[in-house]
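Below you'll find a set of structures to go through.
Both of the next two complexes hold chain A, though its partner changes from chain B to chain C.
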Partner chain A sequence: MRLYEYIELVFTDYTLRTITLGTAVLGAICGMLGSFAVLRKQSLLGDAISHAALPGIAIAFLITETKNSNAFLLGALISGLIGSFWIRGIITKTKLKSDTALGLILSLFFGFGMLLLTYIQKMPNANQAGLENYLFGQAATLLASDVWMMAIITGICFCVLLLFWKELKLSVFDADYAKTLGFNTQFLDILITAFIVIAIVLGLQTVGVVLMSAMLLAPAAAARQWTNSLAIMITLAAIFGATSGVVGTAISATHEHLSTGPVIVLIAAVFVGISFIASPSRGLLFREIRFRKNRNDLQLHKTLSFMYNIAKDHEDITHPHAIKILNNFQGFTKRSLQKLEDKNYVSIQGTMWSLTPEGYQTAANLYNQLSHINDE
Partner chain B sequence: MSSAQLEIQLIASLVAIACAIPGTFLVLRKMALITDAISHAILPGIVLGFFITEDLSSPLLILLAALSGVLTVILVEFIQKTKLVKEDTAIGLVFPVLFSIGVILIAQHANDVHLDVDAVLVGELAFAPFDRLLLYQTDMGPKALWIIGSILLITLGLLITFFKELKISTFDAGLAAALGLSPVVMHYGLMTIASITTVGAFDAVGAILVIAFMIAPAATAYLLTNDLKKMLFLAAILGVIAAISGYWLAHELDASIAGAITTVLGLIFLAVYLFAPQKGYFSVRYRQRQQRIEVSLLTFLLHLGNHTDNTSERHLQHLYEHINWQKVRAKSVVNLALKNNMIQIDQDIISLTEKGHSFTKEAIDYIVTNKNAEIENMKDRFFLFRG
Partner chain C sequence: MSRKIAVQIDDLTVAYNYKPVLWDIDLSIPEGVLMAIVGPNGAGKSTLIKSILDIIKPIAGSVKIYGKPYKKQRALVAYVPQKGSVDWDFPTTAFDVVMMGTYGSLGWIKRPGQKEKKAALEALEKVGMLSFRNRQISQLSGGQQQRVFLARALVQNAAIYFMDEPFQGVDATTEKAIINILKALRKAGKTVIVVHHDLQTVPEYFDWVTFLNVKKIATGPVKDIFNDDNLTKTYGINYKVALNQHPSP
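Moving on to the complex of A and B:
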């Protein structure tokens, strides 16, 4: 399928349009709420909750005995919330650490869910087709009503975020301070956790239990690299999430045998990779460049101050010296000498060098003025 | 009980013991979640190995999968070292990506490969006895039993040989490094064992049960004891109990064995979490309540000690207002003080007894010299009744 044909299909084909919209909305809400999860060091909560939602789905089926995705969502929400509160209980009341608590809830709830699922499979009413979709996600099963539901919930989350914006911001970055100001941090904590659980539950049907955590984390982790402002980070994360959703759907729809969930996760991972490497302020590439530049500057300064120490013993500071005497000084290279000359700090005649008055002045002030160190 | 049933229980028990050993150390080193990451991230290794060998239990496949497990650990640590994201985010980013690659690889070759993501993740213990190891046409028992058995033997051997080193590096990494034990070697050794165990067990029991077997018995044992050796034993025993009773639960319900075992593990943990004598939920709640009352008691006695010459400050009715306590709390504090013979009430005026005086005096000494911990020992000497 050509790109043009695909774009045409998105606007004409009902299924494709629904899926594209659904994954876009899902990516946006996950990015938005994932930002909070990442900043609150609860990154893996998403993984634990998405596994913990499974028994809820199975129990919802056992009670309603029909495949009703709203009932499933409710069941998943309840068991996800139970899981997240039990995690909190384990961390605060016992000496087990958060990693153990998360791993425990994850595996125990999921195992219990598997027990229920296999039990359901052997029940006489074979109406259970579709329950397994929640394991690995099946974007193709998205209906327009599901997308509407996602959009409405995203809207509600957005409004509540705006309403509690400064409280949430404060509690994310300085929970103790928020507490001393008299905000109910426990309420804010529960609010945010509940929202994260909601986002996870919404995504289960599309990307599945296992990949949900990446859906939540990857856009936020990528957005974090570009900014230090919470509002911008959340906006960026939502954009990254939505873009991964749309692009992932497009790729999986135009190729055979490519399930949507994993492709979306891989696209989101590409965003993370690019952000890690290329972000101007935190990225690895620019960090390396800055590191090298600093090292070169430092070596230049060391050489200059070494020269200064030699020159200051002479009456005439521009008295020439042999380049040879610099040779056993660490940090001296032909290139650094060349650079010094370019900056007009030294002048070189044949095998001799001499400090210029300007170079002498700079060297004398080198360790007096810290602000000078960064000069070009 | 048929021989197949016996074999299933034997395999499950061996997996439980083999997982309990690395699991205990992972829980103690706060790296429990790395098992989750490994168990998902081995998928691409398994798929690649399967393309080459076409056999789910060949040693090459196990080796490849274990390698991708170790690769996960290295990747996670690399991302952590860049300090671009927090530690747990690194784990959460790496394994879904590797898992996605695995899923896509399987899907791309879905037609000509007999390999199911479900099988990898969930496993089916019930089929384990049917995959027999044939040596010179003689039946040597189920393959899974041999694989797990040899992994368990290797793990046990390493545990006994390096017990001392493991113990030191787990509880005091700095001391271990100072004594010349490389923390890196210990770390990657443990990771390799965890990875191999996960891979060796996934075929028989599935990834989720491996995570549960690694974390749940160790965490449960940790709530019951502080002794490393006891913790290892307890974790192994709890794992075996869950394996056997889980099997029979699955037998009754006609459901997934792995799911049933995990459920039993969950129930055991829940019971211990709530009722463990020292560290359980209820005893922690009880102790916190007790300490709150005892701190109140100390404040109350100090208040009395400060006002030995002023009776209005010590009047029973006014006291509530002065210290600003609610009635119920004030009453329980006064009762506790009375029971311990620290105060006497004479016409609604409370005064310290001889014992109360010496208690407050000693407590002030400790508070002034910043030895607050000593107050706990002091309580044992003075209190007849605890709060």
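Moving on to the complex of A and C:
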């Protein structure tokens, strides 16, 4: 299928449009809130909460005995919140490290959820089909009402972030200081954690328990690479998340047997990969390029200042010297001499070199700078 | 001396998980002093400051700032945390961090305006960091980060300043610059309380000193109580190692 045909389909096909919008909104809210999880170094939190939501879904089914995604959502929300507050409680009340607490809650709740799931599977209730979809998600089950719900909650989340922007920024950066200024950091902490729980619960139907934390973290981790501003980071994370949703949906819709959730997460992972390699300030690629360039510049400077030391003892600074005398000098290569000539710092006549006035001046400046640094 | 008391601490006891870190501290800090808190690593210096600022809840005891609990006197107090207590890779600029010093007087939700921006720029200027204002904080050196923290506290325009090791990792020039700022604060009538590690410079920099090692060993004017006796009580018999001096024969 051609790209424009697909785009046309998105606008005409009701189901596809619903799924595309749903995954886009989901990606956006996950990106926004994932930024906070990443900056608060709570990468495991998403995992713990999504796994903690599973028993809630199972219990909701046991109570209602029907497949009702709103009831499931509520169940997931309640058990996700219980899980996250137990984690907080364990961390503040005991000496356990936070990753221990997270791992503990994760396996406890997930184990309990799986237990309930196997029990439900044995029940003679035809409606039971579909519960295991929450493990890996099934975007096809998204309804327009689900998407509306996601959109409204994303809107609320966006407004809350705007409203408490400075407080959230401060408390994530320096919670103790925020406390001394009189801000209730516990409230802010609960606020952001509650929204993270909500985002995760919203995503369970689409992406599933197992991959949900990747959905939360990947766009934010990718966005962090491109900027040094919190606002831009969160915006970028939302854009990366939404794009992953749209592209992932497109790929899985146009290929047989590719479920949407995992494809979306893979696209998000591609964003992470590209960002870690190619970002200008933090990426590996540019770091290597910068490193090489710096090293080359330094080598040139070393050669130039060596020449300067030779030339400055002569009355005529452009007096020619043999290239041979540079050979024992460590910064020197044929290439660097060539580069110095290209820059018009030296001129070469046969086996002799001489500094140009321009080169002499540059070297003198370098020399002064260096000795100045040493003075300090 | 009939000086006003800026900070009054009575019977303060603090513990993390049952292990007492501060034991029954009584301390009154007069207004207008430049005071060093000295003591070995783990003595509870940071904890003392944190409990004064209500970051940590003590098991017992009370802290009064000009006669009232801290909660009522926030506007009078500024804080420079230990530099290592935050993640310097956080995506923000030096200017932004200094702006945080204005958040307290703004209160919830209200956004900083021109007045706050001007104050932040002035504070950056005072610590000689104006040209670094748009620099990402992870790209500042340790000493520059320390100065940004100092500027953030200066913006608070407080009466009492608490600083946790503001000289940590700064070079001699920066240290002089910072101490000059602190002395200027004292001259303006402010009270400045500094956790300090370099015992040699205590007499030169400070006029008041508190020796702390879980218990309060001594507190008072440097010229009266900064002596071998108190140093030994605080640091043990080998304190002279910390002074970088050889014991006299």
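FYI, the second predicted complex is superposed on the first by the 357 of 376 C-alpha atoms of A that agree within 3 Å, B and C clash if a C-alpha of one lies under 4 Å from a C-alpha of the other, contacts with A are read in each partner's own complex, and residues count from 1 in each chain.
The definition used in the following text is that a contact is a pair of C-beta atoms (placed from the backbone, for glycine too) under 8 Å apart; a residue touches a chain by one contact, two chains touch by 3 or more.
Everything quoted here is computed from the prediction, not taken from an experiment.
Participant: Label the relationship between chain B and chain C on chain A in the superposed model as either fit or clash.
Facilitator: On the superposed model, which is not a single observed complex, chain B and chain C clash.
Participant: Can A:107 be said to touch chain B (first), chain C (second), both, or neither?
Facilitator: first
Participant: With the two complexes superposed on chain A, say which partner A:95 touches: chain B (first), chain C (second), both, or neither.
Facilitator: After superposing on A, A:95 lies in contact with both chain B and chain C.
Participant: Between chain B (first) and chain C (second), which, if any, makes contact with A:119: first, second, both or neither?
Facilitator: first
Participant: Examine A:224 and indicate which partner it touches, taking first as chain B and second as chain C; both and neither are also allowed.
Facilitator: both
Participant: On chain A, which partner touches more residues: chain B or chain C?
Facilitator: B
Participant: What is the contact status of A:349 with respect to chain B (first) and chain C (second): first, second, both, or neither?
Facilitator: Neither chain B nor chain C is touched by A:349.
Participant: Pick one for A:12: touches chain B only (first), chain C only (second), both, or neither.
Facilitator: In the superposition, A:12 touches no partner, neither chain B nor chain C.
Participant: Applying the stated clash rule to the superposed structures, which of 291-299, 309-317, 327-335 or 345-353 from chain B runs into chain C?
Facilitator: In the superposition, chain C collides with chain B along 291-299.
Participant: Once the complexes are superposed, what residues of chain A are shared between the chain B interface and the chain C interface?
Facilitator: Looking at chain A, the two contact sets intersect at 41, 95, 224.
Participant: Touching residues of chain B toward chain A in the complex: what are they?
Facilitator: Counting only chain B, the residues touching chain A are 27, 30-33, 35-36, 40, 79, 82, 84-86, 88-89, 91-93, 96-97, 99-101, 103-104, 107-108, 110, 117-118, 121-122, 208-209, 211-212, 214-216, 218-219, 222-223, 250, 253-256, 258-263, 265-266, 269, 273, 279-281, 284-285.
Participant: Using the touch rule from the top, collect the residues of chain A that touch chain B in their complex.
Facilitator: 38, 41-44, 46-47, 89-90, 93-97, 99-100, 102-104, 106-119, 122, 132, 135-136, 210-211, 213-214, 216-218, 221, 224-225, 257-259, 261-263, 265-266, 269, 272, 276, 282, 284
Participant: Enumerate the contact residues on chain A facing chain C in the complex.
Facilitator: Checking each residue of chain A against chain C gives 39, 41, 95, 163-164, 166-167, 169-170, 172-174, 176-183, 224, 227-230, 233, 376.
Participant: If you look only at chain C, which of its residues touch chain A in the complex?
Facilitator: 17, 50, 53-55, 71, 74, 77, 79, 81, 85-87, 90-93, 97, 100, 103-104, 106-109, 111-112, 136, 138, 152, 173
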